Amino acid sequence: MRLALIGAGRIGKVHAQTIDRSPDVTLAAVSDFHADAAETLAHQYGTRAIEAEAIFEDDDIDAVLIASSTPTHADYLERAARTGKAVLCEKPIALDLARTTEALRVLEAHPVTCALGFNRRHDPQFAGLKQAVADGRIGDLETLTIISRDPAPPPAEYVSASGGLFRDMMIHDFDMARWLLDEPIVQVQAHGSCLIDPAIGEAGDVDTAMVTLATASGRLCHISNSRRACYGYDQRIEAFGSAGMLQAQNETETRLRFTGEPGQVEDKPKWFFLERYAQAYSNEIDDFVAAWKEQRPPLAGAHDGLEALRLAEAAQRSLQERRPVALDEIR
Amino acid sequence: MRLALIGAGRIGKVHAQTIDRSPDVTLAAVSDFHADAAETLAHQYGTRAIEAEAIFEDDDIDAVLIASSTPTHADYLERAARTGKAVLCEKPIALDLARTTEALRVLEAHPVTCALGFNRRHDPQFAGLKQAVADGRIGDLETLTIISRDPAPPPAEYVSASGGLFRDMMIHDFDMARWLLDEPIVQVQAHGSCLIDPAIGEAGDVDTAMVTLATASGRLCHISNSRRACYGYDQRIEAFGSAGMLQAQNETETRLRFTGEPGQVEDKPKWFFLERYAQAYSNEIDDFVAAWKEQRPPLAGAHDGLEALRLAEAAQRSLQERRPVALDEIR
Amino acid sequence: MRLALIGAGRIGKVHAQTIDRSPDVTLAAVSDFHADAAETLAHQYGTRAIEAEAIFEDDDIDAVLIASSTPTHADYLERAARTGKAVLCEKPIALDLARTTEALRVLEAHPVTCALGFNRRHDPQFAGLKQAVADGRIGDLETLTIISRDPAPPPAEYVSASGGLFRDMMIHDFDMARWLLDEPIVQVQAHGSCLIDPAIGEAGDVDTAMVTLATASGRLCHISNSRRACYGYDQRIEAFGSAGMLQAQNETETRLRFTGEPGQVEDKPKWFFLERYAQAYSNEIDDFVAAWKEQRPPLAGAHDGLEALRLAEAAQRSLQERRPVALDEIR
Amino acid sequence: MRLALIGAGRIGKVHAQTIDRSPDVTLAAVSDFHADAAETLAHQYGTRAIEAEAIFEDDDIDAVLIASSTPTHADYLERAARTGKAVLCEKPIALDLARTTEALRVLEAHPVTCALGFNRRHDPQFAGLKQAVADGRIGDLETLTIISRDPAPPPAEYVSASGGLFRDMMIHDFDMARWLLDEPIVQVQAHGSCLIDPAIGEAGDVDTAMVTLATASGRLCHISNSRRACYGYDQRIEAFGSAGMLQAQNETETRLRFTGEPGQVEDKPKWFFLERYAQAYSNEIDDFVAAWKEQRPPLAGAHDGLEALRLAEAAQRSLQERRPVALDEIR
C-alpha cells in the first residue's frame, strides 16, 4: 500500500515511524499545513512533501492517513472517499454530529476502506480482554468498569477547542464501552467536577468525570476520567460476569521490584500515551492494510466514530441538565 | 465489661467467639427468641441463657450486643439506652428513617456508649487506607471507587424482608463512602438491574447496581454492587487524589503462586464475610470496650447508621424516579 | 489437655497466649528458672507458678511444653518421657548429636507423644505448598529453593552460644528441605561469609550462607540465609517440578497498594517471626493436642530434630573442610 | 554502518530483522554455508548474498555479525580483526579455552570494535537491575540468585555438540554473575543431575544444575538451571544487599488477570527466547554501532566471553571431581 500522510505533528510522527517499520506500507508522501514540518518529516523517512490537494490527484497513492487538526478531518475524509482512496482518519471525524453524519453519507455514496483511529481496540491488553469475553471466559458480561486518567491536564485553551472532556478524552472510553458491551447502549448519566485546574472550569469544562451507561438488557458500565494522575497514564478496564472477572491492568516499563524502604516497589504505569499504545498504533496500521487488501471492514470504522460521539453528546447533555439522557434523544 | 448478647444466630456466634477471646469482655449472658439456641451458645462459652428482658433488669450487666433480627434492633437499643447500658447494635437500627430517628432521640435523652456494627471501618485494609488518606498520602482526595460483591445471592424471600440491595447490602458501602469522603454528600444517582436471579426482580429488587455520589466540593464516588461474584467476596476500595492513588485489594487465604497450566495462579479472594472480616469483628469489640471505658464515641455510632440509611433511601428513590436525588430531599 | 509450660521468656509467652485461646488445652502451671517471670506469666493467665520438678510429680498434668533455654531441653524431655507426659519441645533438643541421640533413646524406651517445635511445618503457606506438591500439582519435584533471612542479626555473644548459623537458624530450612524433598538427602555443600557484622566472624560464625543439598534420586535444593534483611523477615520457598512451579511468597500486613512517588508500593514483608508465624504457633498446639488424643505422631517429632541437626553438622563440616560432605559421614 | 551478516539461521534472521529496523545500520550482505538460505534472507531484506570470504575483501563493509555455527566463530572473528572490520560475534567464541585465548591474541594484535552476543546485558530488566545496584539502591551487594530455565530441552544430539549445559546454557548466567557481582569470582562449586531426559545423561551431560560462586570479598551467588520449565522461559535475577533487594521478574505477554476458577490467573512467562529478548537484541545492535562510532568498548566484549568460559570450565571440573574449584586452576 502506498500511503500518504496528512499531518506532520506529534501523532503524524508516530504514524510515520510505524509505517516506516511496516513491510506492507510505503510512505508515499507527507503533507502538512506547515510546509517545512512536512519537508522535515518527509526527509527523515526518505519520501517527498507535497500539498494535500496533490495527494488526492495522485493515482499512485492508495491510501491517506489523516492526522491533521480536527476541523480538517471531515473534509479530507470526504475527499479521500470521492477519489477512491482508503482512509485511516484520526478521531474524531468532527466535533459535532451534523458534520459527522454528513461525512458518513459521503462514505456511503463512495465506499472505500475507512478506518477510524480508536487505537485502544488494537491494544494487546484490551484486545485480549475483548477476546476472552467473546470466548465466554467470564460467562455473561454484567458490568464493565473503565478507568482512564491522563498524566497531566492540557492547557485550558486546548480544552476550549477540543470539544470538552467527553468529546475529546472520554470518547475513547465510550468506544471501549460500545465495543465490549456488545449491545445497544440506551441511557447515559454523567457527573463532572472541576477539581484540578480552575481555568478548565472557567473554560466551561470539567476535569474529573464519572459516567454510567446502561444497555437494553440491563448491563451497566462505569467510566471514570481524570485529567491528572500524577503517577502516569492510568488505563484499566474490568469486565465482570457470571463466571468471573477480567482485568486489564496497567503496563509498566520493567518488571523490576525493589524491596526495602518504603516497601515493595514496582514501576509506575507508563507515563505517556505514545509509549503506552506503541504496539496499538502498529497493530492499527496492520489492520488497516489488511482490511484494504481483504476488502473487509477495519476493526474501527467511521460509524464507530459517530456512535461514540453520540454517547459524548448524551453525556454532555446529562451533565448540563442533571438527568439521565436516553440515547434516543441524541440524533 | 460484662456484656450480654441478644441473638444466637450466625452473627451472634461470631461475636460470642470474639468476646470469648477478648481479655477485656466477659460474656455475661446470651438471649435469643429461640430459647434453645441461646442455651446451646451459652453452654458453649460457659455462661447462662436468659430472657432478653432480664438483661435490662440486671445491674451487673454493663453492655448489650444486639444481634437479633432487624425488626427488634430499635426496641432493644432504646431499652439499653433507658437502662443505662452501653450498646453495640448490628446494622441497621431500622429499615425506615422514622423509626431510626426515633431511636436516636431516645439515645439523645439517655446518652450511653452506642456503637453501630459497620464492621468495615475496623478492617485493617480499609482502616489503613483511611489513615493513609488522612495522612495526606494521596494529597487531596478527588474520587473514590468502591467495588463490593457478595459471593452468592440470597434467596428471593430474604430480599423482600431485607429492605432491598441499597438498604441491606450497599449500606456498608455508603458508610465507607461517608467515612472516606469526609465531607457532606449532596447528591445520589442510582442505576440497577436484575441480571442474576429473576426472582429477585420479581420481589421488586435489583441484584446489580451502580451508584454515583457527589459531595459539596465536587468529589465523586462510584459504588458497584453485585449479589454474585462466583470467585468469592470481592471487597475493594480505590481512593484517587492529587498526589497518588491508594487501593485496598482483596485478601486471599495464602500467598501461594502456582505457575504452569493455566498461567500464574494465586488464590481467589476469601469467600465468606466472616472469614474476610474476622479481624474487623475483633477490632470492633475492642473499639467498643475502649470507647465505653474512655467515655468517647466509638468509631461508628448510631448517627452513622441514620446517615447511611438516608443515602440508601436516596438511592432507592433515584432508581425509581430515574433521576439524581439531592440528599436534602431525604428527611 | 492439662499442660505445664517450662520457660516464661519470649517464646514461652507466645505459647501461653496461644494456649489461652485454645479451647482444648488448659495452662495448668508455669515454671521458669527466674521464679518471678513464672509468677508474672502465671498470674496473667490465671494459673500457678511452680518448680519444674513439681511438674513431673503432678499426676494431673498431661503434657509439658519445653520453652526454656536450649541446654535444658534434653533433660526436661527425658524427664517428661520417663514420667509419661506428652511433650512439645522447642528446637533444638540439643546442640550436639550425641546428646540428641541419647534423648531419642530415652524416648524409645518411654514412648510418649513428642512434638518438636519446627513451627514452619504448621505455617499455612508452607503447609499449602507441601500439600500441593503432594497432590502432584507440579508433577515430579526436581529442585527446591529456600530463601530465609532474618530482619536483624543477633548480638555476637548470642551467636557463640547458639551453635552457629547452621544449627540455630538454617536448621529450620533443613527441616523444610527434608519435609518437602521427601526422600533421603545424601550430600551437603555449604558456603558462608561474614558480610554483615565482623563480630560474628570473630565469634567463629558466618552471617551469610548458601547450602546445596542433593538427594539420592538427584533432586537439588538450594538454601540461602542472611542474618539481616533490612526490609523484614524474608521467608520464601520455591518448588519446581516437571509440571510447574509453586512459590510461597512473603506475607504482608495489609494488601494496600499506593501508586505515586516512588512507584507502585505495597507493604514490606512482616517484620518479626512471632507476627509472621502467629498462625503456625497456633496450629502447632492444635496438632500436638490432636496427636496426643489420637495417639498418632505429631507433624514434627524428635527424630526430625535429629535429622535436621545432622544436616547442620554436615554443613558445618563442609564449610570448614571446603568440600561436599556425604550425610553418611555424620553419625 | 554497512554490516554483513554471516549465518542465515534462526539467530541470523533475528539480527537481520533488527538491523532492518535500525536507522543506523545497513545490511550490506548476507552469507551462509547454505547458499540458498543466504539468498532467501538477502532477498527478503533487499540486499545481496555473497561468499563469506568476499565479505572480508570488500572495503565498503564496515562490520561483520557472526551468527554462523559455533566451530566457525573464532576463524571469522580473527578474519574480521585482520581485515579491520568491527565484529559482533554470537557467543561462544569457541568451546575451549585454548582456541578462545588464541582469538583474543589476534584481537589484541589487530584491535577492532569487538562485541560478544551476551544479549542479556542489553535486556531492560537486567540492565535496570544492574543500574539500580550501581546506583546504590540496595547498599552493598551481598548475594545474587539467578534462576534460568529453558521451556523445553534440546535433542540429546544437540547436547553433545553444544559443549554441555555449563558451556552452552549457564554461560549466559555466568556472564550475568560476573557483570552484577562486579568483582573477581574466586571459587566455583557445581551440582548437576539428569532428571528430565535420560538421553541427555547418556550423552554425558546434566539437565538440572545448581552452581555456587564466591567472590574475593565473600559475596555469594547461586545459579539454578533447568532444561525444561513447562510454563515457559523462566529468567529471573534477585540481588540482595545491605539496604534492600531487587528482583527482575518474568515478563508476560499481557497484564490481563482473570479471577474465577481456578483462582487469580495471569499470563505465563513468555515462552521463547526470541520473544523474551526481542528488545535486548535490538539494544545490542544499537550498542554495537554506538561503540564503533564512539570508538569505545561495547557492553560485552571478547574478554567477557573468555571469562564466562573459564567459569563454565570450572563448573564442569567441579561437577566431575565433586569439589569446589578455584578459578585460578582454570587457565
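The letters A, B, C and D name the chains in turn, as written, and every chain counts its residues from 1.
The rule is simple: a residue touches a chain if its C-beta (ideal position, glycine included) is under 8 Å from a C-beta of that chain, and two chains touch if they have at least 3 such contacts.
For reference, the UniProt names are A, B, C, D = Myo-inositol 2-dehydrogenase.
Remember, it's a predicted structure, so these values are computed and weren't measured experimentally.
Asker: Among the chains, which one keeps its Cα centre farthest from the Cα centre of chain C?
Answerer: Relative to chain C, the chain whose C-alpha centre sits farthest away is A.
Asker: Sort out for me whether B-C or B-D is joined by the greater number of C-beta contact pairs.
Answerer: B-C
Asker: Could you work out how far the Cα centre of chain B sits from that of chain D, in whole Å?
Answerer: Centres of chain B and chain D (C-alpha means) sit 58 Å apart.
Asker: Could you work out how far the Cα centre of chain B sits from that of chain C, in whole Å?
Answerer: 41
Asker: Going by the contact rule already set, what residues in chain B reach two or more other chains?
Answerer: 230-231, 243-245, 258-261
Asker: Using the touch definition up top, name the residues of chain A that touch chain C in the complex.
Answerer: Its residues touching chain C are 230-231, 252, 258-269.
Asker: Which bits of chain D are touching chain A when the two form their complex?
Answerer: 21, 124-125, 128-129, 132, 137-138, 243-251, 253-261
Asker: What residues of chain D sit close enough to touch chain C in their complex?
Answerer: The touching residues are 139-140, 142-143, 145, 147, 149, 189, 191, 193-196, 208-210, 212, 214, 217-220, 222, 224, 226, 228-231, 234, 240, 242-245, 322-324.
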